[in-house]
Amino acid sequence: MTETTEAGTAQAGTARTPAIGSPVRRKEDDRLVTGQTTWTDNVALPGALHMGLVRSPIAHARITGIDTSAAKAMPGVVDVFTAADLGDDNVKIPCVWPVTDDIVMPDFHSLAVDKVRQVGDVVAVVLAQDKVTAEDAIENVVVDYDPLPAVVDMEAALADGSPILHEDKGTNQCYTMNFPCGDYEAAKAASDVVVSRRFINQRLIPVAMEPRAVACSPMGTSEEYTLWSATQVPHVLRVLLALSTGVPENQLRVIAPDVGGGFGSKLQMYREEALALVLARRLGRPVRWTETRSENMVATHHGRDQIQDVEIAATRDGTIKGLKVALTANMGAYLQIITPGIPLLGMFMYNGIYKMDAYDFSCTGVFTNTTPTDAYRGAGRPEATYAIERIVDELAAELGMDPIELRRKNWIAHEEFPYQTISGLTYDTGNYEAATEKALELFKYDELRAEQQRRRESNDLVQLGIGVSTFTEMCGLAPSRTLGALKYVAGGWENCTIRVLPLGKVELVTGTSPHGQGHVTSWSQIASDVLGVPVEDVEVIHGDTARSPYGMDTYGSRSLAVGGQAILRAGQKVVEKAKLIAAHQMEANPDDLEFVDGAFRVKGDPEKSTTIQAVAFEAFTAHNLPDGMEPTLSGESTVDPADFSFPHGTHLAAMEVDTETGKATLRSYVCVDDVGVVVNPLIVEGQVHGGIAQGVAQALYEGAVYDADGNLLTASMADYLLPTALDLPSFVTDRTVTPSTTHPLGTKGVGEAGTIASTPAIINGVVDALRPYGVNDVPMPASPEHVWRTLQAAKAGGAA
Amino acid sequence: MIPAAFDYVRPGSLDEAVRALHEGGEDAKVLAGGQSLMPMLRMRLATPSLLVDCSRLGELRGVRDDGDAIVIGAGTPHHEVMHDALVRAHAPLIATVTATVADPAIRHRGTFGGSLAHADPAADLPTAALVLGAQFSIVGPGGRRTVAAADFFTDFFTTALAADEILESVRIPKLGDGWSFDYQKFNRTAQAWAIVGVAAAVRRSNGSIAEARVGLTNMGAGPLRASATEAALAGAGADGIAAAAEQAAQNTSPTSDLHAQADFRQHLARVLTRRAVTNAARF
Amino acid sequence: MHRISVTVNGTTREGEVEARTLLVHWLRDSLGLAGTPIGCDTSNCGACTVLMDGRSVKSCSVLAVQADGSEVTTIQGLANGEWHPVQKAFKECHALQCGYCTPGMITAAVDLLGENPDPTEEEIRHGLEGNLCRCTGYHNIVKAVELAAGEMREAAK
């Protein structure tokens, strides 16, 4: 570690080993490795009806008739509903981020009204006594479509004469937004070199391993409902379902049981969740649905899909003067929860870690006949990092500079923090020098450059490329006022309650909602240090609006960065109260007590002490509390973060590119991340590994492909290529620790770092390998065919 | 997803199976390992009325020595084939290629004959069978007949098998000493089907190639032999391989699809042929 | 309907199934063995992998009626008094995050180690190529299988 911090700022002067910073094995795993899991599909609901969704096989069409009679006549089919049948129950799926005043926000009904606008749009819903019958019945609903021309290409959708998806709006343009910072034209005029590129940040499908699922049950005879969902956001979901359906929020309990991954794709109020609730209300019976993977590919939101026109201006000595970014962002057919805002999550990050005089950003959102896009791991920030890290490499090539050297020349030096960037954010801390030095050493950068040179000189069929990515991202979404200023219709706080029960065990209630991140373990570690109790004595309660009523859930690498603060503060409140009780019991002045390892001791009198567990029992009996003090020992805190946190890191990829077949292979990968104070290094490393894998996958393997008619060609795992164990190497991960100063634990957030950093590292490596052939970009995914065609064009002198 | 309903029988003998298949009519299908069929059933891309489960027929299982050939029972799972001593001794190309088929769990269930009878143009084993001059033994209501590999694969997912016929076994001639082999499978991820595959069998004599056979996967409706390359390789030394491989895509008409355009497939066929022959020739 | 009898996790289980019932659906819906999850329709993901007569199979790609007379072991039957060494190693090495692929991944690893007690990293990666994980990048899964292999070799001495 380059810098060390006092791990466990929570507790000073401790004799015990702090839990924070320790690789505690996960508490979650005992159930998960033995199959004792409660996925939503495992929730037993006797008598539940199974929903089957009749989905459009056509991307754009008028619905001219729906005949449900054959399906209704099937044994075991209870009912079939169309939009007309549902009436007011055909609720609209909300978008909570109207990014501009004049944004076009079309209706998005649970069941399509009159028209379908994407393959997978839902036109009817079947309710059957079992799932087999539901699947059979889907095939017996006859829908007549009058096909309309489809448009899947964003620029075509914006052109005159394009088919219009939402005819009442008269346009496929959702919004245009401009964000000029400084005078870009002046900066450009003061530059010697201008490099521009068009990058395509292709469409991705999140593919969490657990498909979505929902189960909704009316509770007895009262108007109350419990809804289980494979969601990242049970709290947000309850609010949105209540708003949409009219079910009072205090009569709706939303539970996220074990959730098998999300990566943003389960941050949503989906139509299936709304339908389950309204149909459970309508029929007075439990209703459930589990997504098939085939549905998942078209019906769960997609990610990325931006055209990025990027221009960078610099002086001959390599000083970056300005950056211009014009995005065209594919919304898909409808707006889901934060569809239009995704590009704007990257808006502040295109300048990356670099100083510059001016930055000009604009973005146009476009409707096309495709699945809606929304948050996917990194959400806007991978796109921004890709653009800046790619264009900086291109600038380095143009200037004939080593890409590391160019970065050094322009990045914010560690002594310059806190630093207000050109886009207006204040980066509190960072040490790009330290992370980069360490990464270069682990990577053996100079040796690899020498090998690259040898291969170039010998005209080796397999060329070596070195990909550099020095990234930062904004985590800890988000200060609520900032979100308000950006027109986001919610806050960014997080809540925690800590209760020390009568016998000394601890309940920690969090508003974060884990789906693989290991919060139960990490949160226990934090509470353990704050309260001085064993990690195993802490029970973490989450993901249930009845048991953890306040929360903003889990996305955007926010859970530790924001939720961790709430845990710390709630724990401190417990200790503060306990201290008053302990002092009262020991007839001492509270100021004379110290709290070490879970015990209150009178300073200078080691004989006089009591434990927090003993205090909890006193607080329970309440026989002898200070006058006016309320019984029980608990503390609650809702923390609104003071600012974002800014993890950063240096990622290096060695790419081998077969110049004959175009196959690009990741040979080695080194990253040094600075995510601030680490609560559980095992979990942090795991997050980085998985993040890298998803970023590599975007660079090399994945890409959703539609044909011109709007059919998704990559509609199964057989065609949408996810990397297997054999397609990835082991990774070398290391860290520097520069504690965040805006977050009291010094933590920053790690969930998306690997994904954000790795995609440009890989592509920079592929381009670097092929630079001698005149290649200066490769479209993603850098599949063999894409690489081969790029190389052919370059050899023919046709490279852009 | 759940398959559409079908009937199911598990006959006790091959004869019974043929009878059941015949009586089941056009919509009856053989179920062997089911590893190609099951996803199609689940996606409801296949909706047979009857499945005739042949996965337990001992008659279809195992590998035996038949003098100048080995005979692989159609129902022998891939996993057994790739580890079988006879296969490794006399048809090592089959073992090599089988190891590239799908993944371990699928190879435990999926069968040698099932893969051949499914006739996916991207499947690897048909190419190996073609290169090795395999003979397919087919049983139907009218008795047994034998079809050469070159005549077995007739179109995309289509073979010489009639609806009421079952592939019983595949006879693979022992090529004898002096032959060596290679298979170059080119795919984007380990799970993905071959964009192109090239199987090479080479017999060397006196420092040059005496005879070579080159088979192509996914370069047309079924497996193909690269005849021009084979002819050019006869008598060639190490320095003749590249030029011969340049002819590998002659008379091929591969598809253009999501995974590759036709011209890229043809380019790959040439490159992979050079590599496969070079590896097999071991100069 | 077809009558089947299958020894599941050491216990003989009998039932009536439709021909089209997949083994995984029978395990989950009829036997309540919901520890085996379903992740795809195309037999790519391997989440549903179980051992059938000792070898790994994808239970979404086997009909329940085909399992008649077989022995099936699911993730819920792997522990024999104490956890299987692969289960222990997965926890020790943080080889899982969301855990959805884990039952299949562990089962595939058990099969792999049964055939090859001392696999190289490359062989481990080959052995797991039929099982997709979206969380871990496989890094720690490979480490866990290496650890379990060592433990099992040690125990066999």
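All chains are identified by letter, namely A, B and C, in their written order; residue positions are counted from 1 within each chain.
Simple rule for what comes next: a contact is a pair of C-beta atoms (placed from the backbone, for glycine too) under 8 Å apart; a residue touches a chain by one contact, two chains touch by 3 or more.
Source: prediction; values computed, not measured.
Asks: By label order, what chains touch chain B and chain C together?
Replies: Neighbours common to chain B and chain C are A.
Asks: In terms of C-beta pairs in contact, which of A-B and A-C ranks higher?
Replies: A-C
Asks: Approximately how many whole Å separate the CA-defined centres of chain A and chain C?
Replies: Roughly 29 Å separates the two chain centres.
Asks: Counting only Cα atoms for the centres, state how far chain A is from chain B in Å.
Replies: 44
Asks: What positions in chain A touch 2 or more of the other chains?
Replies: Each of 132, 292, 294, 716-718, 722, 724-726 in chain A touches at least two other chains.
Asks: Do you know which chain B residues sit against two or more other chains?
Replies: Within chain B, the residues that touch at least two other chains are 1-2, 4-5, 39, 43, 190-191.
Asks: Could you list which residues of chain C touch at least two other chains?
Replies: Residues 18, 20, 41-42, 44, 126, 129-132.
Asks: Which residues of chain A touch chain C in the complex?
Replies: 23, 25-26, 28-37, 39, 41-42, 132, 207-211, 258-261, 263, 292-294, 515-518, 682-683, 685-687, 689-694, 716-718, 722, 724-726, 728, 730-731, 754
Asks: Which chain C residues qualify as touching chain A in the complex?
Replies: Interface residues on the chain C side: 18, 20, 28, 33-42, 44-45, 47, 74-76, 78-79, 83, 87, 90-92, 94, 96-103, 106, 121, 124-126, 128-142.
Asks: Residue numbers of chain B touching chain A in their complex, please.
Replies: It comes out as residues 1-2, 4-5, 39, 43-44, 186, 188-193, 195, 258-261, 264, 267-268, 271-272.
Asks: In their complex, what parts of chain A are in touch with chain B?
Replies: Counting only chain A, the residues touching chain B are 131-132, 135-136, 139, 292, 294, 660-661, 663, 701, 705, 713-714, 716-719, 721-727, 783-785, 788-789.
Asks: Taking the touch rule as given, give the residues of chain B at its contact with chain C in the complex, in rising order.
Replies: Touching chain C from chain B are residues 1-8, 10, 31, 34-35, 38-39, 41-43, 51, 53, 55, 79, 102-106, 108-109, 190-191.
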